[in-house]
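The next part holds the structures, each set out as structure tokens.
Look for chain A in each of the two complexes below; its partner is chain B in the first and chain C in the second.
== the complex of A and B ==
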């Protein structure tokens, strides 16, 4: 099947070395710890976008909805377990009365992240029966609208800080290097996401998603339960987006409704760009795309400050024109062209 | 004996064009029934009606005693009616074999079976049918890269792997290499006799349908013109008229 390859010793070695790199990276490159954590979350964003956009052919422009829901959801759980959320936000999370000790902070994270995944997944399930009956441009526009609306709605709710945003709990000093903890949580999430998707795509469910992408009416006429499959994929993707959003909120600490949580113009576009850059509809593509994108982004922001968005725009155009199949797609095409030549 | 598929007075209009005008046909279990008629006579429209692709304006469609004219496409498929299309429809981005694996009978298993890898048995079943239609060599090729005729054969194999109770074929030999047509007919006959598959076949190729079908319905301008054995249809003055008139 498409993405499934047996666990040969060579592949095990590759996985083991990737894991070693993942574990060692923040220790070897402490100066880039934050960017590395962000990269791992970007990998989850890109993978989750691609499950629905690439594998299933439903181009969503509103995945920030699930990122933002997860971000707020986790923060609310983290705070709400110990304090009144409304008072906390009214005080902008400050003062001496909103202090989190180590057990409180850890409990908050331990419950907040799964809660975020569940909230986003549940929202996807609720919206799915409505949104996933639309196709093509209608689906794209509708999801775009959902993402924008969510930011505006969040900005109007005082309980979660309205337009001034919300702070995630201040980590206790006694906990030590919280950034490192968040890095390893992000690593765990990215690995879980990649393995889950690898398994999903190796089953007939993965083929069903591809069938929906290629000809949904045909799939329906062949008796596939297309709607159930679409909602399932959408819910799974949303769950991972929610968990990643939860971690992202704790990494940046300050949740602005429009700039951070429901950030359609940045995260929302970037996750699509990463999937396209790496190669949509493949498992490796979004991962490769996220890595390349994060490096480019850091370079642009460091060396082209003021012009970084222009450079990013040019990158988008270059991908569309020169690498329509993405990096992984490009390599595979060349590989299969070679194989064809050798056959002759 | 009641028919497996009973279509009664089905009417379907597109604006002013009445594509099906009170059409009634009946397909007994285990039979091979033909559906012929000049271009635009409403044959494909009738397939769309039976499979729920388009809602009908009036009439009744019963499959194994159950009214299916208000059911959704997927429900009708899972009840056991699978069709192929005049323009073949396959999953172009999947390999030929993956097209087979995703088409294998789903109505037998519950949905959790979707979350399993295709096992050796499923792959053997897929390959057996690919071999049956002569596409086994192409199993690793993207289905979108197959020729028109090969895609028609793949679509037939996909339909068979779904193990339907009834198969509707829309011009199964159109676009297929003429030297392969006889073997396609042979295979359809085998599917009918060996797998007990009931067939309703639209066909423009007269020798093919005369050879294949036991009973033939002829449509013209949306209405049923005649029906009978291949011999009777071949000698029916109205049918000859319709074809010559259309030509």
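== the complex of A and C ==
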């Protein structure tokens, strides 16, 4: 557990400078504000995936389920507080009758994001006892099925816009720069997520997750309540995914059931790729991975338009086959090898 | 939904139609599932790109047919092309995954699937496609039940191919080598079987089977570059229901899935048919796991 040491001055300085960069970034680089917001949400996705996948060893391919539930949940709360959701979606959110003034929009956001987290966490709790008792291939494919089934079902419900999707509320003009507000909300969420996970992993609970990853049967035989620990971790991860999904929906403004909300082939795989690229099972890994991934993704989308999925697919294969330890894992291995050499 | 049930009740012939169509498509599922079971059993890799292999086989066959090849010739063409692709993928990607953590193999083959999807969309176009066939249909029960002759041909060809494969595995020298490696790779290797070559053969053979299945399916069913994942999931579900290494079970499970899917598509509406497939996957896994839990075991 050496990696979750107490806050040394050096670490505090690092955290403070990271915070300063986070606060200043959209003001210094206004042209990349959208990408930066996306990056912060990706960090939450990757961290949340890694808590269950990397730390606990349950590699879910369907975490996008919780992102989508959060996205829809928040949008429904945001609209439903003031208007009829069915009518709103039938009118495609347009017209003059579905206008949100500043207090309405802020209330919607303030209630929608926690509601999204609760909805996703609740879904994870419901599914947990059914799904988390499977292992290996079965857990992976079962969660993959869950994510895609949810998208297909959402695409068939007219109340939430069916296949043509749902628009999040139009921000009122009087509110000013909503994108900046969303950026700072995303920053707050990412920091909360990172700190929560850092704290969790420094407790006995973190040890329990690692024990489950290393040998679940043995952990259970030692008297660890493995099932409760697994479900708890999944619920926590799902809560953060739901909140991030709620923000993501408001950032892209349009929720397509299959392409944005339950997008198994994009966000669903990306979050795994980010965690793996940075280093599975470490706290810094998913954050580093998300940053590197977001840069690569933007480059692919700019210079390889039309072939960006091919490029990302090749990246997935390359990382899975040749670079499974990830960036942080690679640096640590090098570091420990060097330390050994010096000792000899 | 209830109105659709009422229609089924009042016109039982329609139910017969759905069942027959389901059985006919089920043979294609069986072939893809058989290939997946083969790779899974021998190399312990779940090939998530299974559905993409099927789609590519279909697209190659459609391309061949458009260039004037007779339909029956496009099937071996697709199988040969996919065999080559399988061989290539084995030596570039799969060989590094042998004996590794299953997570890496699922992720890497998922990556292969994503690459194949967009490449296929670029080469063949992203639209739904079907090979033109002109065999017509049989009509029964006052035209209530219509059976496309092409679908029957596809069904027969799939079953024939499956049986040939079963014969190959049980009787031929190569097939015996595959089964030996599946049982105990170390022992097979001591007895002089080159296990890596056997793994390669298995993976390429699976690709060829999928290619043939896709080429056959393309003559009667729509093929779409991004439509592969549902075939992968169907194959996985069929193997889980049947159990590894149970050919008879694979056939029954596949035909059953075809029928169930057709009925669900009719009763719930076709927009929910894919949702039904994926939902059924979850249900099957949860049920199997629940049964195992009573013996303090779990799906692993």
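Please note the rule applied: the second predicted complex is superposed on the first by the 340 of 344 C-alpha atoms of A that agree within 3 Å, B and C clash if a C-alpha of one lies under 4 Å from a C-alpha of the other, contacts with A are read in each partner's own complex, and residues count from 1 in each chain.
By definition in this document, a contact is a pair of C-beta atoms (placed from the backbone, for glycine too) under 8 Å apart; a residue touches a chain by one contact, two chains touch by 3 or more.
Bear in mind the structure is a predicted one, so any value in this text is a computation, not a measurement.
Chemist: Touch check for A:135: first (chain B), second (chain C), both, or neither?
Modeler: second
Chemist: By the touch definition at the top of the document, which applies to A:163: first (chain B), second (chain C), both, or neither?
Modeler: It touches chain C, and chain B stays clear.
Chemist: Given the touch rule stated above, what does A:281 touch, chain B (first), chain C (second), both, or neither?
Modeler: A:281 sits against chain B, while chain C stays out of touch.
Chemist: Quick one: is A:334 in contact with chain B, with chain C, with both, or with neither? Answer first, second, both or neither.
Modeler: neither
Chemist: Taking the superposition on A as described, I'd like to know which of chain B and chain C A:224 touches: first, second, both or neither.
Modeler: first
Chemist: Determine, under the contact definition given at the top, whether A:207 touches first (chain B), second (chain C), both, or neither.
Modeler: first
Chemist: Is A:320 touching anything from chain B or chain C once the two structures are fitted on A? First, second, both or neither.
Modeler: second
Chemist: Across the two complexes, what residues of chain A are contacted by chain B and by chain C?
Modeler: On chain A, no residue contacts both chain B in one structure and chain C in the other.
Chemist: Which residues of chain A touch chain B in the complex?
Modeler: Chain A residues touching chain B: 1-2, 4, 200, 202-205, 207-208, 210-211, 213-215, 217-226, 228-229, 281.
Chemist: For chain A, which residues count as touching chain C in their complex?
Modeler: 53, 59, 61, 130-131, 133-142, 144-146, 148-149, 152-153, 155-156, 163, 264-265, 269, 272-273, 276, 306-307, 309-310, 312-317, 320-322, 324
Chemist: Quick check on the complex: what are the chain C residues that touch chain A?
Modeler: 46, 93, 96-97, 100-108, 110-119, 122, 229, 233, 236, 240, 269, 271-272, 274-275, 278-279, 281-282, 285-286, 289-290, 293, 298-300
Chemist: Which part of chain B faces chain A closely enough to touch in the complex?
Modeler: These residues of chain B touch chain A: 51, 53, 73-74, 77-78, 82-83, 85, 89-95, 98, 101-103, 105-107, 111, 113-118, 158-159, 162.
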